Amino acid sequence: MRKALIPILTALTALTALAVAVGTAGGSTTAAQSPTTSDRTLITCGRTRTIGVAAPITGAAASIGSQQGRWARYWVTRYNRSHRRTKFRTVVGDTQLPDTAQAIQVAERLASNSQVLGVVGPAGSQEVQVSTAPFKNGGLGFVSGSATRTSLTTDGRARGYFFRVVPNDDQQGPRVANYIRGTLRHSRVAIVDAQNSYSTGLSDTVQRILRSRGVNVQRESVNEADTTDFSSLAARIPANTQSVYIPWQLAPKAQLFGQALRSQGKRAVLFGSDGLFDPDSFKIPGSFVSFFPINLQSPIIAAYRRGPGRGKSELFGLPSYQAADVVGRAIDKACANGTATRAEVRRNINQTNITQSQSIVGFRIRFVQRPRGVLGRGDMESPANFGIYRINNRGVYVRVS
Amino acid sequence: MIVAFNAELFIQLLVNGITLGSLYGLIALGYSMVYGILKLLNFAHGDVYMIGAFVGYGVLSLLGGPLSPNIALAPLIVLMFLAAMLVSGLLGVVIERFAYRPLRDAPRIAPLISALGVSFFLQNSALLVFGSQFRSYDSFVLGSKNPEFFEPGPLTDPVFVVNNVNVQLIQVIVLATTAGLMVALTLLVAKTHLGKAMRATSYDREAAAMMGIDTDRVIASTFFIGSLLAGAAGVMFGLLFSQVFHFMGFLAGLKGFTAAVVGGIGSIPGAMLGGLLVGLAESFAAGYLGGRWSDLTVFGILILVLLIRPSGLLGTRAIQKV
Amino acid sequence: MQTGGDIPEVPGRPDERDRPRVGVDEWVASVEGRREDRVGFARLGRRIDALLPPWARLLIFGVFAATLPFWMDRGDLFAYGIFTLIYILLGLGLNVVVGYAGLLDLGYVALFGFGAYFYALLSSEQYGIHWPSAVSIPVVVVSTALLGLVLGIPSRRLLGDYLAIVTLFFGQAFVVFVNAANPTVRGKGLTGGPNGIADIDPNDLLGYELTTRRQQYWFILGIVLLVLIGLHFLSESRTGRAWRALREDPLAAEAMSMPVNRLKLKAFAFGAGIAGLAGCIFAAVLTAVTSGNFALPILITIYAVVILGGIGSLTGVVIGAIVINVSFQFLAPENPQDNARILFYAVVVLLLVLAVRPWWMLGVVLGGVVVFGFAAHAIAEAIDPSWTAGAVVEGGRLAGVISDWVIIPAGNDRFANVAYITLVVAVLALTRIRGWWRTILLVPTLYLTAIVWETSFVEQPAVARWILFGALLVTLMTVRPQGLLGTPRVEIV
């Protein structure tokens, strides 16, 4: 019997030792803090400040979420390289879109991590919706680089907490619709939504405007993530359709759809949303994409390509870099006197003023103070809006509007 | 919105459905063979297929990448197939050896969970190693003289035209390869010693073992062959639809598995028939019903088939031994 | 102290498990099971199981769980506490279907989703209905149970795996239905499509709304305890015994004139009811439901909970849920990386302690790894300094030691991939070889483990945790297929 006891005892001892080790290790970050972190908790900034990043790193949306994570962390890398005295670090939460249960867990844990002063993300509009309560509860401001549903700002639920550095659906939608109707003068349009929150929102807006202006709109729907064979969808598009609006997020899938259309001899022009701005993957000649008026030759993008992007620009994640910039500046400002509260950071985010030349997305960033029309508090003041790009015969994106 | 009947659409959907169906059929064969012999739902099969697709991509990029391959197109494709089939086959054997063989006598649910574990492991290993981006075979321009101008390559050349619908070279290649593999497999099972041993083992493993059949080897061979077919399907997928990524095995696995069940699990012609049915159902549902209801229709048909004929279309009714 | 005299110790061949065991019957299996239960953790588990009566176990769990909010912050309470409780509830429901009645139901997560969506419809602005929990929860539970009953009807016709397939389709169809189909009812999408249903009311206790996480936690804990007590009595009842008979051998049960079909349907309905209850709670604490909450990974996690603890054991489900959720949360990337690193190395050492005999050998191996590491690092640095020029990711206190010990090249993508694949091969090889070679191979493998951790896993913790989770499932199944507290069974041929 004694013999049999030894391994059990050692195992127990080892487990206890483990628990103690982990406890002390965790203690350095958790024990020192007050039990609940909130708005007014005074946080000593120290040399290294912490930004939370909420992005879907794994799961079905991993291919877009990991870009956002990399771009946000890339801002931190660049900042740390150019600043001697102060540094940033990130705490990354994996929201595993479309499972919003993970998003809310991430929000709760970032909110109660007293080191975190501001958050970049989350990605999806439905994630923003469920995360708002926990973030508000912890007094954390959060800046999303991709949640575009208009009501997130206009319903006022997250006022003063939620900000976004992307124009909303009701800014992007009319811009696209005007271009299709006004500039291209198309009158037979198909719209294919991708059965997710982002895509149905944009599709509905564009469809409403086009119909009201007398355009014949055919509405289709496809699950872009799960579909690999787009030829059946392509077969549904009548040959005389002039343009197909596809507000999707997976550029490789849009490429497949375009190829399926072309190989069936259909010449309709593809019109993509910001989710498809990916010169590496979506390159059907003659297509249009709406995206920020960025400088594609920017040295930051080139450096990202060489560095964390492993040869890809991953421009869908670019606004997350901008979001990290907004949050980082706000924290720096709040920390000027050595301590900061989350309320202070939020106030600074709200007062962000980044000039066009300093911003990577190509327009001045100032948040709306007085809501009007489709712009709520948390949206950007004009002229922040999308530009329209055309893909030429060599697959190069050229800005046309 | 129901589109009015036109022959062009119908034939287009038919061609798509048959191509897709033969892909599902190949995946279904692996499920079916393994189930026939071990009564095990090999959930990791879809991920073996994913690895096959990545191996094909690896060969392609080692030989210069899709835009400027170093060797001619035909040997390139043959090489991709061979490498993917070999690696997938070996992977299948390794999975069987380490994740299933220790569980031969465990309750039925244990290997199922083990299979799920393998599936998670493979999927996320691929994510770790290859990253989350889609990798493209660029089959649209593969072998083209001017890939940078998006001039379509020979794979998309129409071989023949039916009623205004192009049947592309790649679709013909896929169909021919599938048919070839099917014939080879049928011959293997019907004519060779190994095939005989496989049938015996699947009929009654213990009795087969007592008759001096090395059942472990037979099972390992079954896994090798099934996984090899999945690897071939992976490369076909890459050539047909270009984009390969770490999550692709899950849905394809589910569809292949569905095909196996509908055709009658354990039956080789059943797997092929099931594959075609699922492919056609998917294609026609997507073409005629549109995206919102098509998946539901496919699932509904399958549930109905199973309720009416629980053993599938070509399956034999399982007799429970007491 | 008494030694295990009644069961002869058979010197087991190392690869005994791998041989086809022709002619193994129940008796042999039960003897093997008993022998196995006398060693290691399983023995400890059995001991506790045998020593503590059920009420004592419940008391220990209840008291421990009730104190959680006093020493956890809000985020941890939510992620560790509330979600563990939800997993316990889901596991308990699945345990009735799979553990008691032996029916392989892969559509279980759809019932959970149905419960959540139904609760959401009854308590949100979607249709302006705000029923109090005292009404809505019973309504949802009963209707989910009815749905389970309907879903269970094919089980009368379908054997084993076919049932699994039909239910799996049902689960997938549910997700597609709520996400894409979203039929229009009273001028509104019924399920909200991809946006789901938002702003769901919290649960209320007789009119008092539970808004803080603490209140919600205690409320859920109360429900879980009630369900545990109820299930304990159920499993000891006539029905419970009949279910177990059905699970062990449906044919024999039928021959004994048990109403097999009715028992199956009952199990389906019971499991579904508990899933519906879990759905109500889930929707209320989340305040929003979307189709993504009920996808396959969740189902797999619930299965893992039930199987890890041991199918058919209530204590097992509770332990399984705690182990799975806590380890999963602990590996979450938002934790300080240093914690995960310490945990990882500690677990590796712990496994070594358990696996390596005799004692001095352990010292040799550990010492060998340390020496091997410094030697390899020195050699690599001598050949080309860039091979060791990479930086440790968030090293904390250990950073200095690690960067002198582990080879981390600058720009290490390809190196990390090769190291990872080599590690997988080496670990697989380790399980096959014995004796001295094993010890010799063990040293570089351990060092390789450290390299892989520092070069790939630390960079992508979110991916790493799924890999480790998958490996854990496979290992657990091959080592102890019946779970921690389950009883071993064999398929009777």
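Just so it is clear, A, B and C label the chains in written order, and each chain counts residues from 1 on its own.
The rule we apply is simple: a contact is a pair of C-beta atoms (placed from the backbone, for glycine too) under 8 Å apart; a residue touches a chain by one contact, two chains touch by 3 or more.
In this text the structure is predicted, and so the values were computed from the model without any measurement.
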item: Chain whose Cα centroid lies at the greatest distance from that of chain B; value: A
item: Between the pairs B-C and A-B, the one where more C-beta pairs touch; value: B-C
item: Distance from chain C to chain A - Cα centre to Cα centre, in angstrom; value: 31
item: Rounded Å distance between chain B and chain C, as computed from the means of their C-alpha atoms; value: 30
item: Distance between chain centroids, defined by C-alpha means - chain A, chain B (Å); value: 35
item: Residues within chain A bordering two or more other chains; value: 58, 60, 195, 221, 223, 310
item: Residues of chain B whose C-beta touches two or more other chains; value: 124, 127, 291-292, 295
item: Chain C residues counted as touching two or more neighbouring chains; value: 180, 460, 463, 466
item: Touch list for chain A against partner chain C, complex; value: 1-2, 4, 7-8, 10-11, 14-15, 17-18, 21-22, 25-26, 29-30, 33, 35-37, 52, 57-60, 89, 91-94, 97-101, 104-106, 108-113, 125-126, 129-130, 133-134, 137-138, 149, 195-197, 199-200, 221, 223, 310
item: Chain B - residues contacting chain C, complex; value: 35, 39, 41, 94, 98-99, 101-114, 116-125, 127-129, 205-206, 209-210, 215-216, 250, 254, 257-258, 261, 265, 291-293, 295-296, 299-300, 302-303, 306-307, 310-311, 318, 320-322
item: Chain B-touching residues of chain C, taken from the complex the two chains share; value: 17-18, 20-24, 98, 104, 154, 157-162, 164-166, 168-170, 172-173, 176-177, 180-182, 251, 296, 300, 303-304, 307, 311, 417, 420-421, 424, 428, 431, 456, 460, 463-464, 466-467, 469-474, 477-478, 481-482, 489-491, 493
item: Chain B-facing residues of chain A, complex; value: 58, 60, 62-63, 65-66, 192, 195, 218-223, 225-229, 231-233, 235-236, 250, 252-253, 255-256, 259, 262-265, 281, 283-285, 310, 312, 393-395
item: Contacting residues of chain B [partner chain A, same complex]; value: 1, 3, 9, 12-13, 16, 20, 124, 127, 131-134, 136, 140, 148-150, 152, 156, 165-166, 168, 237, 240-243, 245-248, 251-252, 282-284, 286-287, 290-292, 295
